[in-house]
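Just below sit the structures, each encoded as structure tokens.
Each of the next two complexes has subunit A plus one other chain: subunit B in the first, subunit C in the second.
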Partner chain A sequence: MNAALLIARRDLVELARGGRLYWMGGVLLLLLAASLAVGFTRQRQSHAERTQAQALDYAGWLAQPERHPHDAAHQGMHVFKPEAPLAIVDPGLGPYLGSTLWLRAHRQTEVKFRPAQDATGLARFGSLSAAWVLQLLGPLVVIVLGFAAISSEREQGTLRQTLSHGVTLRQVLWGKALALGSMLGMLLLPAGVVAGAAVLAFAEAGARADAALRLLGLGVAYALYLAAFIFMVLAVSAWARSSRLSLVCLLGLWIALVLVLPRLLADASRAWVPSESRREFERGLGAALGDATERAWKQAFGVGKPFGSGVSLSQWGLGLRVHDRAGYAVLDRHFDALWESYAQQQALQRWAGVLSPTIAVRALSMGLSGTDFDEHRAFSSAAEAQRRRMQDILSEDLIEHADGRGERHFSYRAAPELWARVPPFEYRPADAGAVLGRAWPSFGLLCAAGLLWITLAGAVAARRGLG
Partner chain B sequence: MRGQMRTISVELRRIMRHELALLHADKSLWVVSALLALLSVYAVGTGLEHVRSRDLERAEALAEQAAAGAALATRLGRVMARQEPPDPWANPTDPALVGGGLATRYADLPSAPLALLAIGQSDMLPDLYSVSTESRVETMYDSEIENPWNLLTGRFDLAFVVTYLLPLFILGWSYNLLASERELGTLRLLLSQPVRLGELVLGKVAVRAVVLCVWCVVLPVGLSLVFRPEARGVAGLAALAGWSSLVIAYILFWFALAALVDGVARSGALGALVLIVCWVACVIILPVALSLGASLASPAPSRAELATETRVITAQSLARLADELGRDYRHIQDPEALLPKGGRFEVSERLRAFFLASSELDARIEAKLEAFDGQLLGQQVFVERWGLLSPAVLVHEGMAALAGNGTRRYQRFQARVTAFHAEWRRFFGPRINQGLAIGEADLQALPRFRWVELEPGRVLADALLRLVGILAAAVGAALAARRALRRYPVT
Partner chain C sequence: MLAANDGQQVMPMALEARGVSISFGAVRALEEVTLAVQPGEIYCLLGANGAGKTTLINLFLGFLQPSAGEVRVDGRSVRQDPIGSKRCVGYIPEQVMLYGVLSGLENLRYFAELATGERQSRERLLGLLGEVGLDASVAARRVSTYSKGMRQKVGIAIALAKRARALLLDEPTSGLDPSAASEFSALLEKTRAEGVAILTTTHDLFHARRSGTRIGIMKRGRLVAERRTAELGEHDLEALYLEQMSS
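The block that comes next holds the complex of A and B.
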């Protein structure tokens, strides 16, 4: 049998004999089970609520009596972001984004009702999810299981014995990695199966293949993530003079890479690409909308004051259309600039994924789970398209039926058939293929991180040798 | 007895001097000091920059409000003197327009004196609301715009350094207080002197604790006093004293725990492992579990249902007011209708109808909104009760509260904004409904938002309770450590 396999088998037996595996593995499995149960319950409840609310809202829209279309546009409609099936595993940015958008006349709105606003300050410690457990505690389990993998052999002199049998250091390294990987696989595979079953049970029939593909991507992502940490642990264990030093250094690395670096990078990216505060954004948008509307109004009616006495009520519907269309490009520009600043901040942080695999896997995990900002942006854009569709249909109807009434413009009441001309809002998240295509930089970074640590582990082991 | 105490004190001082020399010699004193000083300064800088940008934003908003108010008063004077025709959408005599936005008032939450020490909820919850006659649902559900990725990551403020990193420095510096001496064989030598094991541990801990207090308590307090003049007042100093006590108690807790583990573990590596497990449980897992527990004990009502209900109520109101909404904006085409006559103003039927619809929405949705406030309060009570399980939760919540960025203060702010919104609507309601024109006296008498700070006694009492909780944990760990040290095998 290959020497690496023999070493892996021996290490597995030793790990199975020790208490660390059962304690750490037990805690990890318990947390994973609890997080999946919480995720499944939350997912099912949110999905039911949002589906029902979406249906009720559109039914309410259709049931409107005869009324002035612009009043209907002012009341508008709500749209609800569908809960992604893989949010069971990784709720991602969900707690900080919210899921409800109010579509109404004149202005694009931000998503309201962030769940984190309905929670105490403790929510900032994190929320229990399988992704949180794997990203934060997964590496810690690898450290606890593997910190002494090579250092203790050196301390006890067994490394010298092993090498005297013609086994190479490279084989020792891969054997150790295989043992740690197998141990983690044995721990995590049952949890993965449970998570997969929960996700597939929750996903609608037509979306199961998509969910399965995303699950597969998640499995690969977390395997790469933990593999990077396995080789990091082995590199440090090979370098350290004692197991104690190895443990202390690895814990220091874990703290730096998992806890400290992401926060420092968030600060750095905020300083590098500043994003607007709510007030700055609203002030800039308001001023730009005002300017654009005045220009368009002047062009259409020869006067600069929107909805002033210069334009008669017989042109009110036309004025609404001019007003709204003047705003579309401004809204696009400002929202795009805001979202682009977020995307750039995240991209800057993502490049540190080579150093901190936690950052890379976090982006990848929420991307594959459909709970990242790209997905939110796509939903917001789809909702805005629906708002404009609604607004355009209603303004066209005003031009057609109310403007002809002259000064009695507001006496017009549209028949309920008009409401049905606004189609129900339907949002289809990006398919798994597109998401995987988008995720390749993060996959690449995780692979690069893994390769970096494999190379380092090999180099360190070769340099330190038996000494 | 006094002589014995004096002997202990002399021995303790000698151990501390000796330990200090050792820490100096192995350079850990300087490495730890440099790292902690750097972290503290960076974290305080982060907090300071955050507070300054928010203060600046608020100041700009309030200055704009004052300028807009002055411009409105000037325009009112010119319109009344017939020097300027009234703009149908910015008529300063129209109560519906003035209340609905022309005279928008900001309700603002000032930064507390120690705001730089913990960012808490302040990067997510607004400290500035623009209040108008719009419904409460529209007014109160703004949130700060911030990159959600950064919100999820969290801020590198002093609360993070103290809650997460400080214990790690303590554990890294004291996981092998005795184990290393025993492994090196110097413990027997030390104990051959007139020194007891407890004194030896106490001396080692005391030196380290003093060093950590210098960088994590004295330095931030000094920086706060220098860069935050508000912290020099009585309230600021009291809060600083509370903050320092909490952090010192937290430091003592982790040292006591380290001493306990040191007394029990038979090797340095095992001790380190046990301590890191304790840290993960206390700082990582328990807060998340408590947060989950709070959301299960006091679950948030459905926001989706709130949106649906809002829509249903609004639809019903607008259907009832269909006749008023069907009236034309006659005044737009009739400049005379835009001017008050004998103190009365013909408010557009449509604008009045919208005001009535929002009043009805507020009245009917109030219970639902109260349920949200109630559930958040329930969660906070849960956290305050069960937070005793984790000193990390106690210190984190305590620091956020003393910095004025805790949940309770934001709850108070939102309650005050709600009351101010109601007052604003009460002011404009009769004027809109009865068609009373806005005059100069009305602009002078516009309601103003007044922030009433949480009672300092209450904040300090809460801090004291948390302090007692952390100290109880520290004393418990210290007593257990003392017992373990009595049985400690020297060889």
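The block that comes next holds the complex of A and C.
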């Protein structure tokens, strides 16, 4: 049998006979089970709530009595972001970005009802999810199981004994990596199967293949992530003069790479690519909308004040259309600029994934789970398209039926058939293929991090040897 | 260098160092050491601490590379064929380091398979452990419960399992009680009789004269004296050793 396989098998027997595996693995499995149960319950509940709310809201829209269409436009409708099946594993930015948009006349609105707003201060440490457990505690488990992998063999003299039989340090490293990887696989595979079953049970029939593909991507992402930490642990264990030093260094690295660096880089990216505050954004958008609509009114009707006495009520519907269409470009420009600044911040953070695999896997995990900012942006854009569709249908109806009434414009009451011309909101997230296509830089970074640590582990072991 | 075997066949020396030198910084650890051990010979290397005995063992194991000279195991250059040369030798340090949570049998299986790359049957392994004086009930116990002597027996069994052409022993009897040391010497003699070359470092002159077929004395990195034990009288070795140390 190959020497690396023999070493792995022997390491597995040793780990299985030691206590560390049981308490650490037990804690990990317990947390994963708890997080999956919490994720499943939370997602089932919010999916049911959102589906029901979406249906009720549209039913309320359709049930409007005869009324002036612009009153209906001001009442508007609500759209609810559908829960991604993989939010069971990684809720991502969902709790922070919210799920509901109010589509109303004249203004694009921001998403409301953010669970994080209602959370206590403890939520700042992160909500319990399988992704959180894997991202934060996965590396810690690798450290606890592997910190002494090479250092203790050197301390005890068994490394010398092993090498005296013609085994190379490279084979020792791969054997150790294989043992740690197998151990993690044995611990995480049951959790993966449970998560897969939960996700597939939750996904609608037509979306199961998509969910399965995303799950596969997620599995590969976390395997690469933990592999990078395995080789990091082996590199430090090969370098350290004692197991105690190895443990101290690895815990320091864990704090730096998993806890501090992601936070630090998030702040740094905000400083590097500043985005407007909500107040600045609102002020800038309001002013730009005012300018654009005044220009449009001047061009269309020769007056600078929208909806003023200079334009007769027989042109009120037309004015509404001019007003809204003048705003579309402004809204696009301002929201695009804001979102682009967020996207640039995220891109900066993503490239920092080469320093901290946690950053790379976090982006990848949220992307594949459909809970990242790209998904939120796509939902917001789809919702805005629905708002404009609603607004255009109602304005056209006013031009057609109310403007002809002249001064009696506001006596017009549209029949409920008009409300049915606004279709129900339907949002289809990007398919798994497109998401995986977008995710290649993060996959690449994880692979690069893994290769970096493999090279370092090999170089350190060769340099340090038995010393 | 080649050795005649029963006057019939010419075989390579099992262990051979030719003009070997090595330094650690400014310290000259070995200086032009030339030494050869034939198959079926027990070569005892004597010398004070720091004389270079363990360094020489490390050169044969390929853990260190000489700055000058050549080291060969069973005719293979340690520098050019580090893996092949290690596969020919068994190494038994003062403390044979084994995995405490594994049994003697499991340790033997692991190291034997690691060294040979072949699967080892339980019967063969138990047979080898029996040869070195460890019965099946002892073999099934965790090594953490073994005495030093028992660990050394497992070490010998590993060397036998890998069919080592040469054994390198670094102060193997240090710390063993007289009975265990005597048992160990008998085991070495048995191994030697099977044609295995043995190079052992020791401070024990009595053990060296009784077990060795040849004796070398090292001082400050040099091999300063070499004798066949058959040529030495009862007190000659002690006298020779003291003479070399005081000169």
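In this text, the second predicted complex is superposed on the first by the 467 of 467 C-alpha atoms of A that agree within 3 Å, B and C clash if a C-alpha of one lies under 4 Å from a C-alpha of the other, contacts with A are read in each partner's own complex, and residues count from 1 in each chain.
To be clear about the criterion, a contact is a pair of C-beta atoms (placed from the backbone, for glycine too) under 8 Å apart; a residue touches a chain by one contact, two chains touch by 3 or more.
Computed from a predicted structure; not experimentally measured.
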Give one of first, second, both or neither to describe whether A:Leu30 is in contact with subunit B, with subunit C, with both, or with none. neither
Return first, second, both or neither, reflecting whether A:Val38 touches subunit B, subunit C, both chains, or no partner chain. first
I'd like to know which partner A:Thr162 touches here: subunit B for first, subunit C for second, both or neither. second
Figure out whether A:Ala420 sits in contact with subunit B (first) or subunit C (second), or with both, or with neither. neither
Report for A:Leu189: first if it touches subunit B alone, second if subunit C alone, otherwise both or neither. neither
Between subunit B and subunit C, which makes contact with more of the residues in subunit A? B
For A:Gln64, is the partner it touches subunit B (first), subunit C (second), both, or none of the two (neither)? first
Overlap of the subunit B and subunit C footprints on subunit A, residue-wise? none
Write out the stretch or stretches of subunit C touching subunit A in their complex. 61, 63, 82-87, 89, 91, 93, 95-99, 101-102, 106, 110-111, 113-115, 117, 119, 162
In the complex formed with subunit B, which residues of subunit A make contact? 20, 23, 31, 38, 49-50, 52-53, 56-57, 60, 64-68, 71, 74-75, 77-78, 80, 92-93, 95-100, 102, 110, 112-128, 132, 136-137, 140, 144, 148, 243-244, 247-248, 251-252, 255, 259-260, 262-264, 266-267, 269-270, 275-281, 305, 307-309, 312-313, 338, 341-342, 345-346, 349, 373, 376, 407-411, 413
What part of subunit B is in contact with subunit A in the complex they form? 46, 53, 57, 60-61, 87-89, 120-121, 124-126, 128, 141-156, 160, 164-165, 168, 172, 176, 267-269, 272-273, 276-277, 280, 284-285, 287-292, 294-295, 300, 302-308, 311-312, 314-315, 318-319, 322, 325-330, 332-333, 335, 350, 354, 372, 375-376, 379-380, 383, 393, 396-397, 400, 406-407
Touching residues on subunit A, where the partner in the complex is subunit C: 1-3, 6-7, 10, 13-14, 17-18, 156-158, 160-168, 465-466
